[in-house]
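After the structure tokens below, expect a handful of questions from me.
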Amino acid sequence: MFDRITETWMVTALVTILLLPLIIGIALYLKAMPLFEIQNLPHLIGSSEWLPTDGKFGFWPFINSSMYVTVLSFIFSAPVCLLAGIYLTQFASKNLVRIMHPVMDILAGLPSVIYGMWGILIIVPFVGNVLAPFFNINSSGYTMLAGGIVLAVMCIPYMLNMLVEIFNTVPIGLKEASLSMGATFWQAVKHVVIRKSYPGIISAYGLGLAKAFGETLAVMMVVGNRVQITHNPFKAGYPLPALIANNYGEMLSIPMYDSALMFAALLLLVIILIINLVFRYFIYKTKTR
Amino acid sequence: MKIMHLQNNETMTEQAPDITLKPKVTPPIIKINNLNVHAGQHHILKNINLEITKNKITVLLGPSGCGKTTLLKCLNKLTDLYTELRVSGKIFIEEDDILNTQKNVPVIRQKMGLLSQLPYPLPISIFKNVAYGIKLKGVRDKKLIEYNVEKYLREVGLWNEVKDRLHNSPTSLSIGQQQRLCLARGLAVKPRIILADEPTSSLDPISSKIIENLFRKLKKNYTIILVTHILRQAVRLADNVVFMYYGEIIEQGHSKDLFKNPKTEKLREYMLEGN
Amino acid sequence: MNRRKIIEENIFKFLSGFATYSLIAILAFIIIIIFVKGFNSLSIDMVIKTPKGGYYYGGEGGVLNAIIGSLDIAFGATFIAILIGMPAALYINVHLIRYKRIQNTIRYLLDALWGIPSIVYGAFGFTLMLFFGMNASLIAGIITIALLITPIVVRTFDEVLSTIPMGLYEATLALGSTKTETAFKIMFKQGFSGFITAVLLAFGRGIGDAASVLFTAGYTDLIPLYLDEPAATLPLAIFFQLGSPIPEVRERAFAAAVILTIIILIISLTARYFSKIYSKSNLK
């Protein structure tokens, strides 16, 4: 009898957790619904007019900012992760690997605010006072570039952990076969390990992108928060999560603003879920091979 | 034919026993009828018909992959854990058809004790390992539990070796001692049958010998079904032998007769390779 | 030709090693900055007093409001997360052990769930608050964070449970245990290291996350005494006070940052230590 109760509790808990994304999506959709009465979906996503007081909600600048900052961070994080992943699995000593584990744990565990603070104290001045003048640009430092750098550092631990796992699943026999045919160690690595891990690498990158897309606080603190569409990394941007976080205070004062922000959250949820579902699928295929 | 001289000078000839296991006095404790096990396309066990005699050691013998472990797992319904297995037929354990019964599965499983190839001590103290089985039977009284723990540990000859560290983790024991602990734990649920799946294959020779001696002692009170691929172990321990090959029973009978006069080619080959 | 190969190899060796070591350097850099900035601001007063005077005027007091608020939320949320996450993980590994495909599907969904950003949970928490008529409060924060960290508990615990060998499960069932008994009495103990790690990681996430408490927990200079009062949190204490024109207020932000970082350091290192210790004693 006691068994029955416990079992019911267990199933209920599991089902609740699995239904969570659905429930969140529905709740956000319901709150965002009034927005659809004044503007339709393509217009919301494609329009660049953002004048909430006039009832104009075009989310494109924010989506654009998010994508730009994410890509920027990717440019920095992708090569670093790949190189470090290879080094840790192929060349590094046991001691180094042992040290790296807690290092990665801590980097992964540091809260967003701490990264943001570091960004404000170090990266922003660096961009504003060192990098920008180098390119003859005037900039406060609160730029998308700063956001990209901070995001890159935040995403590297996640991607690196995944890459290390993937590289370690390449059977050592393959490498040995390549070496015994006369290849140098690096050639064996290049041709065997990386090639075999291709889908895994792509997935790790994809998941890193998803994480970067959703990061809120750290980016918000350094990115400038100005609504504009630009491809100049030394200008400010306004990613989607920052939009939601910065304006929650005014949410209920301007009509439709709360629906707009909930819509932004829904957009974020859908985009990230899709990215996750797609890339996780590839990872499962790599691991179970 | 042997000629026996009885006390009052009557003589009687003793018949050579049949190939099939005819129960002499007591009905067989296990009766298996038309057991078939499929895993997808593979027909793992083909039409098994078997009777197991009480209080004897029956050895399931055969090369790897012949299905003997699967047969063992059918007996205590561990095959339920594997969805890819489809089991059909009848298995009567003490008159209860366990494949088609309404009875509670844990209750059925308690009729048998399992000893696996690798010892799997529970992640609790040595004392609690044995007590776990006792408590499953509903015993609550502390003194009674302590008494029984000592009793079963003595039965497997482990008591003197562990009595000073009953509350330590079993990981401090050698692998042979762990296996005996698992045996004691299995006995604590008071089964009538012991299922042993290659129990000595990961043990050193001394521990193996201890386990084998234990089986000889235990068969007085328990029915033992032993799966092994070590021919010599079968020769040492078996009362009855069931020789299997690719899911079928090729030969079965009393061990002395079987091993002296193997009737089939396959068994003869197997014995040659085993020696 | 061989020369070129060797040069290529050495270049890559150097670059990849450089990448690896620079990561260690960056971590050191971040931690050092936080500690340097916070060292001067950290005092006994900082830890035991609440702020006085607010954003624009006050220079006195400390960050006790945020410390208590964060601890309250983290403990409350972790408790709920364990209540929901622990049985779920056990169920997946014990009752569903027959159904490998269902197990894989569930794990796949859980991994995707893990990726949902905390701001989305915050927005969802906000809709819940409107729906139930709650104000920004301790309880709203606890619930939202609980939703955020439950997937962490499930996934981490599940990862360890899935490595338990089938033989132990079979041996326990063979004794006549029910599945539920097996789950809580045996599997839980065997996977205990994973459980501790899961709880620690979840707690760490819960105390450091800002985006989800932004809408839901509110902010205050006071220590919350009841569940329906707003609560300050360490991350928000940093966020809100970092940009203040008054240096004393900024000091509070730095102090909060150091405290938060120390907590996270302790948790990260402890989690790894525990997972090593327990897995040694249960090694099969």
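We just call them A, B and C in the order they show up, numbering each chain from 1.
Keep in mind that, in the parts below, contacts are C-beta pairs under 8 Å (C-beta built on N, C-alpha and C of every residue); 3 or more make two chains touch, one makes a residue touch a chain.
Just so it is clear, the structure is predicted and the values come from calculations on it, not from any experiment.
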{"item": "Graph class of chain-chain contacts, one of line, ring, star, complete, other", "value": "line"}
{"item": "Most central chain, judged by mean C-alpha position against the global CA mean", "value": "C"}
{"item": "Interface with the most contact pairs, given as the two chains involved", "value": "A-C"}
{"item": "Chain centre separation (subunit B, subunit C; CA means) in Å", "value": "49"}
{"item": "Whole-Å gap between the CA centroids of subunit A and subunit C", "value": "17"}
{"item": "For subunit A paired with subunit B, centre-to-centre distance based on mean C-alpha positions, whole Å", "value": "57"}
{"item": "Residue list for subunit C, restricted to those that touch at least two other chains", "value": "178"}
{"item": "Touch list for subunit B against partner subunit C, complex", "value": "76, 78, 80-83, 106-107, 109-110, 112-114, 116-118, 120, 122-124, 132-133, 136, 169, 171, 182, 185-186, 189, 195"}
{"item": "Of subunit C, residues touching subunit B in the complex", "value": "97-100, 165-178, 185-186, 189-190, 192, 281-284"}
{"item": "Subunit C-touching residues of subunit A, taken from the complex the two chains share", "value": "3, 6-7, 9-11, 13-14, 16-18, 20-21, 24, 27-28, 30-31, 79-80, 83-84, 86-88, 91-92, 96, 99-107, 109-118, 120-122, 153, 156, 160, 184-187, 207, 210-211, 213-217, 221, 241, 244-245, 248, 261-262, 265, 268-269, 272-273, 275-277, 280-281, 284"}
{"item": "Contacting residues of subunit C [partner subunit A, same complex]", "value": "5-6, 8-9, 12-13, 15-20, 22-24, 26-27, 29-31, 33-34, 37, 83-85, 87-88, 90-92, 95, 104, 106, 108-113, 115-124, 126-128, 130-131, 147, 150-151, 154, 178-181, 183-184, 201, 204-205, 207-211, 214-215, 235, 238-239, 242, 253, 257, 260-261, 264-265, 267-269, 271-272"}
